[in-house]
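By written order: A, B, C and D. Residues from 1 in each chain.
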Amino acid sequence: MMENAWIIPLFPLLSFLFLIVFGKRLRAVSAYIGIFLTFASFIISLLVLIARFGSPTYKAEGIWLTIGDYQLTAGYEVNQLNALMLVIVSLVSFLVHMYSKGYMHGDGRISVFYAYLGLFTFAMLGLVLSPNLLQTYIFWELVGLGSFLLIGFYFYKEEAKAAAKKAFIMTRIGDVGLFIGMILLFWQVGSFEYDEIFAAVSAGMISEQMITLIALLIFIGAVGKSGQFPLHTWLPDAMEGPTPVSALIHAATMVAAGVYLVASMFPLFAASETAMMTIAIIGAFTAIFAASIGIVQKDIKRVLAYSTVSQLGFMMLALGSAGYVAGVFHLMTHAFFKALLFLAAGSVIHAVHTQDIEKMGGLWKKLRVTGPLFLIGTLAISGVPLLSGFFSKDEILVSTWVHGHTFLFWLAVVAAFFTAFYMFRLFFMVFTGEARGKTANVKESPGVMVIPMLILAVLAIGAGYVNTPWFGTFLGDWLTEGNQALGHGHVEGPAWIMVVATAVSLLGILLAWLMYGKKTIARDWFSAGVPTVYGILANKYYIDEFYKMTIVKGTTAFSRILHFIEVIVVEGIMKMVAGIISGLSKLGSRFQSGQVQTYGTVAFLGLAILVIFFAVTGGYLK
Amino acid sequence: MMFPYYLSLLVFSPLIGILVLVFIPKVKEPFIKLIGFLATLPALILTVIAYIAHRNGAELSELAEKVGWMQFVNPEMAGKIYSIDYELGVDGFSLLMLMLTALLSTLAAIASIHIKKEWKGYFMLFLLLEIGMLGVFAAENLILFFIFFEITLIPTFFLIGKWGYFEKEKAAFKFLVYNGLGSAILLIVIMVLYARTGTSNIEAIMSIMASDSDHLVVSAGTKMGLLIALVVAFGVKLPIFPLHSWMVEVHVQAPPSIVMLHAGILLKIGAYGLIKFGMGIFPDQFQSLAVWLAVLGVINLLYGAFLAFIQTDFKKVLAYSSISHMGVVLIGLGALNAAGIQGAIFQVVSHGLIAALLFLLVSIVHERYGTSDMAKISGLAKSMPIAAGILLTAALASLGIPGMSGFISEFMAFLGLFKEMPVLAAIGCLGIIMTAAYLLRAVLSITFGEAKRENTEVNDVAPLEAIPAAILVGLIVLIGVYPNILSGSLTSTIETILLGMGG
Amino acid sequence: MIFSGEFLIFMLLALIAVMGGVLMINLTKVVHMVVALVFTFVSIAGIFVLLSAEFIAAVQILIYSGAVTIIMLFGIMLTRHNDESEPKTGRLRKILLFLGVLGFGVVFYIGVYNVDFPQAANTLHENNTEQIGIALYSKYIIPFELTSVILLVALIGAIVLAKRDDQEEADKE
Amino acid sequence: MSTVPISAYLTLALVLFCIGLFGALTKRNTVIVLISIELMLNAVNINLVAFSKLGMAPSIDGQVFALFAIAVAAAEAAVGLAILIALYRNRKSVNIDEFNTLKN
């Protein structure tokens, strides 16, 4: 089966090509084509995963580009991480395809939407299958392209346009880091192949500083894609895209690509202590930073977006603390519960046609299915015991503690507390209490939207059990099998960590309940109590404004300066030269007065000068 | 397959069209356009046949031809006969350029349907321009090269000056003055080389120069001077940073179908000349100049990008983007290793296709909206979804999205430069971000957003317009997905160049 | 240098000739200029006599001092009677030309001032007119005839040019 | 034989030639320009005649040439004047500044 893995990304590609060409005529039928083809992908992915359990890594490559003495190859590889990601991606993608059938119902450009989804899925699957860094980079960019197209799907909205542009450019900044890192690595190793890179790293062929530099550059790529601080601002804005897109791209798959990249390059990162430390710090900081913003947001999707940023920070923290398994594990569980949350949020938005949580409330009774599903997602992300998020988050905390990052550990704990708090704040505001908006016409979403959510809910509950301290660490053992560099499959940590994690999440839920559920604590005690802090948080630490003031304005100003140079200096020199020439010719044309005497004078003067010259110099022939 | 005078026929095949056009009354518009289009086909077919034959293992040297042309005796050296021969020949690189030229000429001929007046004169000049361009890439002789080089100038001048937009005359004169200056410098270089070596055959000069390690034929200083002059001469064409201002104006004022050829081929003659003559004839001097070329390349890249960022006219954005992209060519050349040179050549081909595509779209949009001012067009995705889609594709190709040709060339050029000058390359990478920024800013402001009321009543792309666009997109994607399709025929060219470098 | 009578006369004639030229340059009235030049022409005739070219001298007086001068005076009369003085020309050009002419003159003077050919005996002064006549009608017969053609052409040309166009006249009236 | 050296004649001719040249190029009145040209021709004649007597190989040829020159000069004067009159008739001026039809 594994030798046929190359076929997996081709289905969505086919879907993309087919729909972009014939979509106009197919209209609503396009949805079925997209769903069917992604389903095929998913089935094969599943088969590949099953096949991978029993056999070693499979890899096939062909020559793609010859550069001098180097042969760059393209191909595909199925190892543990790839196989797992294949299934996650194709499953979520399939579910989102299905969900979109209901969500996008009636949209005139549905075929385009499915085409874009197909493109994205193709790129993401290609990314996952890549056996070398160059191919990863190629699909990495294509994934960004898919994301860009889908964010800008509502192209007539100015916000969507701005968000798409921002997403593309900000991730591109990160991509350039990856680009540079990749090329530097190539000249160190002489190959883009992961195997050879890791071999070179373990053989000590590359100097310590170089590894650190390369690792950090590659990490910049991951920062851009995964919305880590300081390149995180595009991710919340990306919520301008249709909600299923947010679920697929900006929660489950693409944003996790950064984490995936770091995970798949893990041996390289592990070789540099500085790089690992940086990743851990950035991860932890992003986790708490985004969580603190999430507390005060009023847009349902933005809250989820900040929570995504924050969770991605957790994953980075895990990877930076050598918790390879923890990172990948959380990546998997997060994919499920965050996709679930987004789809449920989409269902809510679909029902009430607003994203402002201030205008929701009391939807529990109206949305009989969506409500509980949302609750499941919320519980999972908050780390309530026995749901998937609990296990993976616990794993991360353990890794961090064991690795000795005490301070980061406590940061992560606080972030976990925030997470529980703002997620339940969201839940209570949306589903409980008084209805604050028009909820008369609210109807539950159609089955085609509910079924994907149900599947994801099951996974959000159960996915954690593949790797638990109690029932065995199957996932961890399998992932690290046959590869020393990835660390141990399971990290033993002190038992109190689990207690602390449970305690903070329950504490967060309690606080949220007190404020928004039972309302024993005034809702505005925070915003009224410390308005400055509240203002900072509500304005996302003014990061966007800061960028606008510095980078955007700076670039424009610099461009203006260059424009000035262009006009004054470059054009000026040209004008000057032209002026001198035309001045000279004007002078010359004055002699062309039509008067014979003038001509005679000039001719004679020329003669006289020549004569005098030759008389003085003695002539040419002398 | 390969009959004698194959290349001559190829180069001069548009002449048939000119001759036919002479006898057609100038009012028969559709007929003239049809003839103009058909006349570009023989060259295209011949180049494609040659390329396929080459891919199947045919030797390109079979195509070379040589006929005595003129001879004269050097009065001071009795017995030494100076001769200039009519010599045509191709290598992998120039065959590629020939194919690109033939293809873009055909497509530009199709895009010329929007020409509004004097079709007869237009197509006659157009075909003459094609002869010049084909000749430039097929000439194996410096003097012949120069003649063809000049042939390209004159039709372009008239095409811009007569069929362009508002300030067409000014642009045409600027074009002529700059390029005339460039070709004057080129002529000096050619004449010095000819006088010193006694031959004008490019390969003969190369071998003389290669064996002239003691600088007996030409002193080291002169060589350096000649190379710098060559860089300036081709730098005008390319264009290199301070010599670029003519090109912006030409891009804005010339008719889009001509800009397709201009941006697609004529600019590339500069790169072709630098690679073929600069590297081929003065390999050692080129090496010492490489750093500066790379620096210039980075300046070009960033300068063009930053200026494109604040333009308000879409055509100007594209013009500065061309400057920026030509920086990549220089970067590749400056890197002076297999990756870099291959990247530069790829960029030449790739930018040729992408620029042609972009200007094709400009012509389509301009035809319908009567402007290319970005403030006046918006919501193209609503009114002309197909055009908007292709425009977006072209922009993405231009900004180097993998899977399209722009990425491959950019990647290889930077790959090359990072090996030699990592810090400079890292600065250059800023250009990648800027490219994304300015292209998206421009393209999104046209395609996205609310469609203006007066803009809604326009037709989408007509089939006749869509065909060239589809061909271009197809080629761009083909090169992007499977770049080896080009690199195969380039290997020998690059090896020869690098051998000359002694590396 | 021998201070001979011949030299004295030469100096006198040369002085008159140059004086005439300089006056021609500096006088303001056109008629005066022409008259000044008559002096030059006459003194050049004297120079010719000194050079044993009596016939040329006679021709010089007849044609230059007589015919050409008279033609010129006629020309002046026929064109503009009241405005005989001439307008000023550009000062810069005058200065430049003066310098140019001066330089030109100096250079040629340097070339000329010590030209000295060995004196050879000659018989030019004997039957000068006869010698010229023999030369003209034997050796130079073709140029001589051509000269007559030129004169004829000039004659006809001058008449054609100066003749009023009848058509034009008719239009005027 | 002759006590006046040839250089004296040549110098005299040179001076006259220069005066004629200066006059021809600076004077505004066309008549004077014409007459200056006559002066230059005359200076040439002096040279011819001087060489005919005091040159390396004295002969009558120089005088014959001077005659030819005089004939041509006379013809020139006549034609020149005729042109002048024709021009005057058109332009009502003999000022050479106004004769600038060469410009167009």
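Following the convention adopted for this analysis, a residue touches a chain if its C-beta (ideal position, glycine included) is under 8 Å from a C-beta of that chain, and two chains touch if they have at least 3 such contacts.
It should be emphasised that the depicted structure is a prediction, and the values quoted were computed from it without experimental measurement.
K.L.:
Determine the chain that sits nearest the middle of the structure, using the mean of its CA atoms as its centre.
P.N.:
Ranked by how close its C-alpha centre lies to the overall one, first comes B.
K.L.:
Out of every possible chain pairing, name the one holding the most C-beta contact pairs.
P.N.:
C-D
K.L.:
Hey, how far is the Cα centre of chain A from the one of chain B, in Å?
P.N.:
37
K.L.:
From the C-alpha centre of chain B to that of chain C, how far is it in Å?
P.N.:
A distance of 69 Å separates the two centres.
K.L.:
Taking each chain's centre as its mean C-alpha position, how far apart are chain A and chain D in Å?
P.N.:
96
K.L.:
Can you check how far apart chain A and chain C are, centre to centre, with Cα atoms defining each centre and the answer in Å?
P.N.:
101
K.L.:
Touching at least two other chains at once: which residues of chain D meet that condition?
P.N.:
Expected reply: 21, 25-26, 97.
K.L.:
Tell me, which residues of chain C touch at least two other chains?
P.N.:
Expected reply: 93, 97, 101, 104, 108.
K.L.:
Run through the chains and report each pair that touches.
P.N.:
The set of touching chain pairs is A-B, A-C, A-D, C-D.
K.L.:
Any idea which chain A residues touch chain C in the complex?
P.N.:
Per the stated touch rule, the residues are 598, 601, 604-605, 607-609, 611-612, 615.
K.L.:
Taking the touch rule as given, give the residues of chain D at its contact with chain A in the complex, in rising order.
P.N.:
Residues 21, 24-26, 33, 96-97, 99-104 of chain D touch chain A in their complex.
K.L.:
Which of the residues in chain A end up touching chain B in this complex?
P.N.:
Within the complex, chain A touches chain B at residues 20, 63-70, 134, 137-139, 141-142, 145, 152, 155-156, 158, 160-161, 164-165, 168-169, 172-173, 176, 179-180, 183-184, 186-187, 555-556, 558-560, 562-563, 566, 570-571, 573-574, 578.
K.L.:
Which residues, counting only chain B, touch chain A once they are in their complex?
P.N.:
Touching chain A: residues 177, 242, 244-245, 303, 306-307, 309-310, 337-339, 342, 379, 381-382, 389, 396, 401-403, 407-408, 411-412, 414-415, 418-419, 422, 425-426, 429-430, 432-434, 436-437, 440-441, 444, 447-451, 482-484, 487-488, 491, 494, 498 of chain B.
K.L.:
For a test of understanding, state which residues of chain D touch chain C in their complex under the given definition.
P.N.:
Against chain C, the touching part of chain D is residues 1-12, 14-16, 18-23, 25-29, 31-32, 34-36, 38-39, 42, 45-46, 49-50, 52-61, 63-64, 66-68, 70-79, 81-86, 88-89, 93-95, 97.
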